[in-house]
Amino acid sequence: MSQLFQEAIIISILASTIRIMTPLLFSAMGELITQRAGIWNMGVEGTMLTGAFAAYLVATLTGSLWLAVLAAIVAGALMGLVIAFMTATLRVDHFIAGLGLNLLAGGLTLYWFQSYIQGRAQPIFSGFQDVDIPLLSDIPVIGPVLFSQRALTYVALLVVPVVWFLLYRSRYGLELRCLGENPKALDVKGLSVSARQYLAVMLGSAMTGLGGGFLMLGFSDRFLADFTAGRGWIVIVALIAGNWRPRGVLIAVTAFAFLESLATHLQVVGAQVPHQLLLALPYLASIGLLMGLRFRSGQPARLGIPYARE
Amino acid sequence: MTGSPERAAAADPDKLNIAVILSAGIESAWDGTLIEALERAKVAKPHGLDITWKYTDPLWGDDAGDAMRLFAESGEYDVIWAHSTYSDQVKKLREEFPDILFVVVGSGNEGLGGNQYWVYKRVHEPAYLLGYAAGKLTKSNRLGAVGTFPADDVNDEINAFFAGAKAANPAVERTVAFIESWYDPAKAGEYTKAQIATGADLIFQLTGNFKPCEEAKILCFGNFQDQKSFSPSTVLSSAVAQWDPDVSWIVDEWWAHKAEGKSYQGNTDKRWFAMKDGGSAVVPNADLQANVPAAVQTDLDALKARIMAGSFEVPVDVSDPKAK
Amino acid sequence: MSTALRVEGLTKRFAGVTANDDVDFDLRRGEIHCLFGENGAGKSTLSSCIFGFYRPDKGEILLRDQPVQIASPMDAIRHGIGMVHQHFVLVPEFTVLENIIVGTQRSGWRLNAAEARQKLRGICDGYGIDLDLDAYVWELPVGRQQWVEILKALYLDAQILILDEPTAVLTPGESKVLFDIVRKMCARGMSIILITHKLVEVMQSDRVTVLRKGRVVATLDTPATTPDELARLMVGRDVSFTVTKPELAPGETILAVEGLSARGFWGDAVLKDVSFSVAQHEILGIAGVAGNGQKELFEVLCGVRRPAAGSIRFKGEEVAGMSPRAMMDRGVGHIPDDRFREGLVPEFSVAENVVLGWQRSPKYCNGPLMDREAITGLAREMIGEYQITTRDEHVSAGKLSGGNAQKIIIAREFLHASGLVLANQPTRGLDVGVIEYVQTQLLKKRAEGFAIVLASEELSDLFSLADRIAVMFKGEIMGIVDPRKVTVAEVGVMMAGRRGDIAASKERVSA
Amino acid sequence: MIVFERRMEANALWTLSSFIMAIVAGLAASAVLIASTGANVPDVFGALLQGSVGSPKALATTLVKATPLILTGLATVIAFRAQIWSIGQEGQVFAGAMGGYLGAQLLAGLPPLLFFPGVLALGMAAGMGLGWIAAVLRNRFAVNEIISTVMLNYLVVYLLSWLLQGGPWGETGGTISYHQSPMLPDTAFLPALFGSSRLHAGVLLPFLAAAICALVMSRTPLGYEIRGLGYNPEALRHKGVDIARTVSVIMMASAALAALAGAIELFGVSHRLRADNLIGLGYAGIIVGMIGGLSR
């Protein structure tokens, strides 16, 4: 156990935290945009999975990782289009739309995957490598943790301020937040609510899909059924725990990733407890943390409520 | 309704049709290696048989039982090879279809006997050899192993790997992790990286993610199938499962029943084929041979020869592997 | 004067209801034109059609005698029509400025508030509107939120402004300011359509159009008509504006409140050392500008909010801190001010709402099941007794007009209460016919021996109904006065924070 | 496609038609799926129909498979009607099977008429325990129920994994695999119906449960409060309903239904405790429940 406090291990714990959190961060920021626009999209898992599959497909077919990134983004946006059509146009209950999408995505990706490999050996690809940022990566501790990561990791960290700026400092962000708080306020100014919801959900889902794609391209070399393994749910949890604020969501995702990284290292250094307990640790600790927190809810007032002129 | 006795009385059969119930999917090592063995059997034509098969998507529990029933009722299949823990489902079917030979595979099954045969796979002997090599090659004296879920036929490998390492180098320390998920390469990667961070410089990778080893530029070992192609620069060697003796055993049993009229006598206890019988093998990566000093290779060859000759028996230890 | 807008033969139907039936209407440039009519007469619908929020089924809209297509609010805004909706369309989480500029910026992707701020400064200064543009809307009292709505319309350069019941949530003082501003607008050439149920306000307009059941009954020059005539046109019968209150000697004390305080969400004191008492046959009026602790007082009295200190004695028993259930069981009836949020479940049927809170009472249950026959029977009885206009008892309460919804609450509370009724703004937003009815009912209960606490922003209501009036300011009681001995102006002064005659209350508490 | 507008009044025809539309939508989606890989759509659907209701045996299979989904669907309806967004059905199914398994050990040897009600009740109790935790987290600590139930789902899955491996319930001896408990004794198999090999008595319970739920929701004061809570909790609070208590009751009742699904799977189908036949029943139930129940 005392091993845990050696420098190499501390660096490893922190670096692992960053690796675990960054794909989640893309997806969480995407879902933040979606939900701030009033659409309670429960289909994060399915969107991430589809993004991951699209990335795998394109990476193995073309060998180009950046094309694969694009594929994940496009796949995510298409999933967003489905969600937007169901929620903004058909006004299906948001939960049904999202959960249905999860089922659909689980089935579709597996089906396509099997049709793609057709019994032959599964093609694999060689994913993103770490990019050392000159000078910065040489700083002790911080260097290897923060400045020796995948290229997309840096992008993910930049996405937080960008989303913050988009939401709070841009013209479009004000309208987007208005969708979540009171879409009628836009409607009475003669602006189309559903067009803006389509845009927001597609943009958000594109980022969510990118999260899945990054998970694939950054940390794997192949697709497997149920590849995202429940991360979509963690994203939704982080959004609620982060109180629908970019910074809050960042903190929630970081805290979760840190706990997960800690649990990983505890198992590896040989803590004498059942490994299931260590695996459960991030979830237990998250509940414990949330029990102690209280704040004015930042949930958008009209989140999850299909909009229609009365 | 099917498998009527008249069929058996006819001339020697020339066709064997097998229904395969998969548990993880063709792309997994566990299922993929079986299909490869069947391909080889098809070419070898034991008893002059024309061997054909059809496999399912991954199925579990009741769904697998339903599929088996459909296969059995169709009357087109002579052998139903259920490639994992399916004896609960076979139990409900085997008396109704006494002519069909049912196969269940691996841990968690019940030895029912009769027309259920229980194929078991142990790859601990190759794992021991890999461990022995690792013990010799390690500089940090620390080795890692990352698995999905612990199980009887997983633990035996991990324990044998470390037993081999210990035999080669008593100073070796071990670190073990289970990720409790079948499908999570990213998570597997984090565990591997964590092991590397604690000083492990050779990894026995049972979860198939070699990326961390590539990044850390260390060597690792593949499991269950030749995994060199996944990472030519890091997979030094793989412990490989070979189902060929199992397939020919089952084909022989079926032949004995079908052509010679013997009754099925399925095993009630695990039966596995040792390395010397072709049940498993070590497949080294020739491109990385330079990493293995000649002296070590000589030792390994000698050890392997003793195992193959039966003069050295690798102990089967299925206890929970823990870091030490 | 030229015509700013004309509506010809406008008909608008909702599933089964003709909300506007062949309506003709014209608005002159620079006038204040009132729409007057019962709840559900079609005033809001007509406004929404003009604003392009609803598409009329038939009819034509002409601007400056040119026919125009108004297919969406966008078109309306382009033609210089602005509307302040009956229910505010604001984002509480936004600042005033954000609420006004959202969706109006046409270029650039960065939010550019400086220009907007300058333009709004100009508007505010011009009309004498005093509003902090950076305050969050949720921080503002309802009265001030109204200004935000008006600024939204002015910011978009409205020439025709529709105000749908803007004064329902304003105090008399605020209403007066609003009228001053509206007159200034007219003077600058704007035209105003004003919807209100308050006759005093109608009388300040230039012309008035009376609607009944979707049809135009009459359009009159306001100076040439009288409130009585308008009321008669609207309801179709004579309405008496002054209810007669018989003199009754107070009986024994029902409710005695002593030193009561309560805290708000942020720990601030919302009630400070409140003391009063009410006896049988007595109506205690609570006067005060909205947001001065009336709501909190009622919440504490009915058990929804915990008091921080003080005593509440109901029929001699200490009940401070008891649950709403306990208060209801003891016979306290409560008519909350937000009827659709606190008083009713809008999706429930009229019948279900009549037993809301009493669903477990053996009277309405048959073993473990609710007794449907008993409940529908009761509901039919109530519909008859309280003249609730509804197709039947299965209609959901949310589909009823505000007045009829209010009647359900009154029926339910009067039925189950024994001894005390707490009524907070029971006539807000109702048409004069319904107001008359509610007042009559309160007086009937008073005669039966109930004690009643009645809060209203309409001082005239309190003066005609209450036996004593307690004036609240910032959570405190400024004084308790006898309406026969003070003037409306004196009470108005107390509402602004000057202490008055507390002697009357002291007397009662000790009694 | 299905458009769910809020319905003020119950409408049997609408409910029925929404069911049909849901099925049609599901089939349409599958058709796209199948067509996307070039298979023959009509053939596949013919086989599907044949396989689901084409014979008594197939019908029995369909019933057995529908059983847990109906129960988790009901669990969803109850909670979601009250606007409680519990997605803990998945973990509660596991808890039900675990509670039932514990019960089978505690109550071994009792006559069937006591044994089966006893073990099913224990399974439901285990689920209720989970529901209660989520309710306390919501009422006392203001933890959003989506968070708590997602987290509890993970915890329960890991707990089962430990119980079966390292913990006390793992199978020991020659067939050791860690992913399952030993087989239950024959006496703990739910009795078969009509001499069928797989149609077990448990398939009757969802229908009973659905009838009880329908009665509770439409006719009892509790059902009235559940619906009211979904529409307007503030009015209920003003009118004397203890919201926290009602939330607890709803979450526990919902959890009990989901847990019953797990217990029935254990005693009726798998006859031993293992995770893979339970996975997904909860999430699928949410969709079943939403499609079936929210089209008021």
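All chains are identified by letter, namely A, B, C and D, in their written order; residue positions are counted from 1 within each chain.
Here is the rule we go by: a contact is a pair of C-beta atoms (placed from the backbone, for glycine too) under 8 Å apart; a residue touches a chain by one contact, two chains touch by 3 or more.
Only a predicted model underlies this, so the values are computations on that prediction, with no experimental measurement involved.
A.B. asks: Give the label of the chain whose average Cα location is farthest from that of chain B.
C.D. replies: Between chain B and the rest, the longest centre separation is with C.
A.B. asks: B-D versus A-B: which interface comes out with more C-beta contact pairs?
C.D. replies: A-B
A.B. asks: Could you state the distance in Å from the CA-based centre of chain A to that of chain B?
C.D. replies: One centre to the other, that is 36 Å.
A.B. asks: Just curious, how far off is chain C from chain B if you go by their C-alpha centres, in Å?
C.D. replies: Computed value for the inter-centroid distance: 77 Å.
A.B. asks: Can you check how far apart chain C and chain D are, centre to centre, with Cα atoms defining each centre and the answer in Å?
C.D. replies: Their C-alpha centroids are separated by 46 Å.
A.B. asks: Give me the residues of chain D that touch two or more other chains.
C.D. replies: In chain D, residues 158, 161, 165-166 touch at least two other chains, as defined above.
A.B. asks: Give me the residue numbers in chain B that touch at least two other chains, ranges are fine.
C.D. replies: Residues 180.
A.B. asks: Got a list of which chains touch which?
C.D. replies: All chain pairs meeting the touch criterion are A-B, A-C, A-D, B-D, C-D.
A.B. asks: Touching chain A in the complex: which residues of chain B?
C.D. replies: Answer in residue numbers: 25-27, 32, 35, 57-58, 144, 175-187, 189-191, 193-195, 197-199, 208-211, 215, 229-230, 322-324.
A.B. asks: In the complex, go through chain D and note every residue touching chain B.
C.D. replies: 61, 64-65, 158, 161, 165-166, 171, 174-180, 183, 197-198, 269-272, 274, 276-277
A.B. asks: Which stretch or stretches of chain D touch chain C in the complex?
C.D. replies: Listed in rising order, the residues of chain D that touch chain C are 6, 8-9, 215, 219-221, 224-225, 227-228, 231-232, 234-242.
A.B. asks: List the residues on chain C that touch chain D in their complex, please.
C.D. replies: Of all residues in chain C, those touching chain D are 302, 304, 323-325, 327-329, 334, 336, 341-349, 352, 356-357, 359-360, 365, 368-370, 372, 394, 396, 398-399.
A.B. asks: In the complex formed with chain A, which residues of chain D make contact?
C.D. replies: Interface residues on chain D, with respect to chain A: 1-5, 29, 33, 36-37, 80, 85, 137, 141-144, 146-148, 150-152, 154-155, 158-159, 161-162, 165-167, 283-284, 286-287, 290-291, 294.
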